[in-house]
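Letters are used for the chains, namely A, B and C, taken in the order the chains are written, and counting of residues starts over at 1 for each.
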Amino acid sequence: MARAVTRNARIGWTIAAWAVALLIFFPILYTIITSLKSEQEAIAGFDLIPSFTLESYQTVQSQNNYWRPFMNSVILSVGSTLLALVVAIPAAWAMAFSPTKRTKDILMWMLSTKMMPAVAVLVPIYLIFLRTGLMDTRIGLTILLMLINLPIVVWMLYTYFREIPGEILEAARMDGASLRDEILYVLTPMAIPGIASTLLLNIILAWNEAFWTIQLTTTKAAPLSAFIASFSSPQGLFWAKLSAASVMAIAPILVLGWFSQKQLVRGLTFGAVK
Amino acid sequence: MGQITLQGVAKRFGEVEVIPPLDLTIEDGEFVVFVGPSGCGKSTLLRLIAGLEDVSGGRILIDGKDATDASPAKRGLAMVFQSYALYPHMSVRKNIAFPMKMAGMPKPEQDRRIEAAAKALNLTSYLDRRPGQLSGGQRQRVAIGRAIVREPSAFLFDEPLSNLDAALRVGMRLEISELHNRLKTTMIYVTHDQVEAMTMADKIVVLQAGRIEQVGSPLDLYHAPKNVFVAGFIGSPRMNLFTGAVAADYGAQTIGVRPEHIRISATTGKWQGRVGVSEHLGSDSFFYVEGTGLAETVTVRSGGEVGLRHGDTVWLTPDEGKIHKFDTNGDRI
Amino acid sequence: MATRQTQGLARLMRAPAIILLFVWMIVPLCMTLYYSFLNYNMLNPGMTSWAGWFNYQYFYTDPAFLESIRNTLVLVLGVLFITVVGGTFIAMLIDKPIWGQGIVRILVISPFFVMPPVAALIWKNMIMHPSYGVLADVARFFGVQPVDWFAQYPLTSIILIVAWQWLPFATLILLTSLQSLDTEQMEAAEMDGAPAYSRFFYLVLPHMARAITVVILIQTIFLLGIYAEILVTTNGGPGTASTNLTFLIYRAARLNFDIGGAAAGGIIAVILANLVAIFLMRAVGRNLD
């Protein structure tokens, strides 16, 4: 509200908001702090000031073969998202600029595939992966994650494309542009912000996916989500090292997430809330 | 060259017939305005001519050649859109250059035309800005600039002034008229504003529900409206339309008298009434006279200042020679 | 702009996405349906036979099934309650004219970007661990016996973790909705003499009703499938105290190798999810035009 608010009220609200925000952020903050402690410090009781040692990070990287799952995460999330974009951009383009009577039904149906619980198709997918040798391969998981996120990608692109005024494309047509010119010189440059945020959000979703990645990988193709889940058993890491591994698993996506917070609402609500 | 002929052109969206088959010829160099209330099909008709919609029937000839199935790019027409439809990611220069680039015109020729257009439209100092950094009037000029550099056989304008404020609108209206005088190219202009139609057109096409009600020069339409619809639509303020006994006296179902053709007097006249709201513009005064028994209010226009106030009893006298008579079908008698 | 040329091309461009999703939807689902009527155990693949409704009966009469349904509902409703109520208040707090609003926003939404296994591990070890967790430290500070969260309150602990992950989502969406509230409308109400609580109940809440509905429905879809958080923390236990339907089916398929039983459970999960989906589709569909 663009209104004058008394200074005291503002101070009060600020303190309250910061207190709540810090409380919510605390588990992440404390994990970051712990990752900078030595193992002895980590279990020595509550302490917000670490000794800022990086030894846990070094240990995790050298002992636990951290880079393999990290690279798997990068390949799976980026690969599946790019693959989804390749299929979804033409589809969303067609539905946004050349809608038919059934376009709305098709979009709703695409959304409905997202409603199917993963566990319902666990058995067939698991068996298909076993029999076709896709188990624990990057290519298998990339395709699977692509299919899972395809409806969201189509929807997000569709809502972005719809915001490009049809008149501008018509103007291009009147100006003598062929369909190829129209897509190349007018539509694509205008759609780039929308495509970029779709890309970003879906990388985040694919990176954090933790059902199929755990079910369908063992070691070779396991991304960070599966790698971290394996520490649930006690023979895993100690506190500081576990924290270091956690921080490394979430840091890249946390930063991406901060950049894409506006698109997040739109993408995850299928445009129902803007 | 830019003669456009529509032969039996019709448009249906599914079951709905938006434009029943119609014929129309637009001569080379003419400034034609399509005018009508919103939803009358005037924009659709323009889009059919542009090739942005397929016709459901009939033929479109441009300079005598059949262009019915030609793509928009092939028709040699340029269009200025209501929203201007500038490319937001391109500078003004690139926006204006776009149609020439698409046509594969050599670069020096492009630059020459851009400079000429920018000079004519007062855009020279804005050429390197993006559309987002321009005012509404400047954007409008860029859209026009993009249209003229192609040297099209006809310009199509789709309500180009409706997004501008009142003062700018008058200015742009003059500029477009000026442009037409200079280029002498065919222009088709769509608007719902009958003042724009009256001031700019060589020929006005009045449309209602997809049908052409009347085609004619502005003064034809003013002096001899073909039917009640055109009579009520053209002219500001609107023509007074009376039915009943007073119309029967003239042997008509409906009669119409324009506000400027009624004399108002405090002492004597044909119809008695009472002054309701009055508007004084200095040059003119408008009175909305109530209680005449003819219609709820009768609008009267009077030159200069008249010493009448709210509630005064007045007498109205129509200029008998300028009464329009219409039959039961609403057609002019 | 719909001309004949563009329409033919559009059909061609839509096709790959539609075909891919159609295959993805229909093939595995039919296979699940088929398996659900088979006696099929991975340990004994030679003994596969037609089972009729046996798998469904077996699943339905298993006491773990009823408990898993109950746990699923408690989990979903508990998380929804915390996130919607908490999200509304936090959204209103952030919407106030505060200093550092951008940073507060970033801090609040951060948990959403933490992948489920990491979130679960952080809470399990850093926060809720009975000897080294922060909550244990706090308890000791007050001289109270620390709680062994996952042994004593397994489902509640999981609800807390999941609520922490989804609170940002609810907050962000409710905040977006709140910011689209017409300030003139609020000022008009203030001029009309409506006190703050009336403005909240008669203007703010109705305005947010749509966003709240969307939050509830979308979260429900995801919450029905909670898996990694359980796997990492309690592994469904003690006993089946924190096993939801997803986890039960996972156990049948992957630990007991009971393909038929897991498939029957999967079909039940589909039915459950569809009940929610119907409402969601209506809410979203209205916004399409």
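Brief remarks on what is shown
In the analysis below, contacts are C-beta pairs under 8 Å (C-beta built on N, C-alpha and C of every residue); 3 or more make two chains touch, one makes a residue touch a chain.
What you see is a predicted model; the values in this text were computed from it and never measured.
Using CA-based centroids throughout, the chain positioned farthest away from chain B is C.
Remark: the per-chain Cα centre closest to the mean position of all protein Cα atoms belongs to A. Centroid to centroid, with C-alpha atoms defining each point, chain A and chain B lie 53 Å apart. One finds 57 Å separating the Cα centroids of chain B and chain C.
The geometric centre of chain A is 16 Å away from that of chain C, both derived from CA atoms. Residue positions 51-52, 71 of chain B are each in touch with at least two other chains. For chain A, the set of residues that touch two or more other chains comprises 170, 173. Residue positions of chain C touching 2 or more other chains: 1-2, 5. For chain A in complex with chain C, the touching residues are 1-2, 5, 10, 13-14, 16-18, 20-22, 24-25, 27-28, 30-31, 34, 42-43, 45-46, 87-88, 90-91, 93-95, 97-100, 104, 106-108, 110-128, 147, 150-151, 154, 166, 169-170, 173, 179, 204, 207-208, 210-211, 214-215, 224-226, 228-229, 231-232, 239, 242-243, 246, 249-250, 253-254, 256-258, 261, 264-265, 268-274.
Of all residues in chain C, those touching chain A in their complex are 1-2, 5-7, 9-11, 13-14, 16-18, 20-21, 24-25, 27-29, 31-32, 35, 90, 93-94, 96-101, 103-127, 132, 134, 137-138, 141, 164, 167-169, 172-173, 176-177, 180, 183, 186, 210-211, 214, 218, 221, 224-225, 227-228, 231-233, 235, 245-246, 249-250, 253-254, 259, 262-263, 265-267, 269-270, 272-274, 276-277, 280-281, 283-285, 287-288. Within the complex formed with chain A, the chain B residues making contact are 50-52, 71-73, 77-79, 81-83, 85-89, 98-99, 102-103, 146, 150. On the side of chain A, the complex with chain B involves touching residues 165, 167-168, 170-178, 181, 185-186, 189-190.
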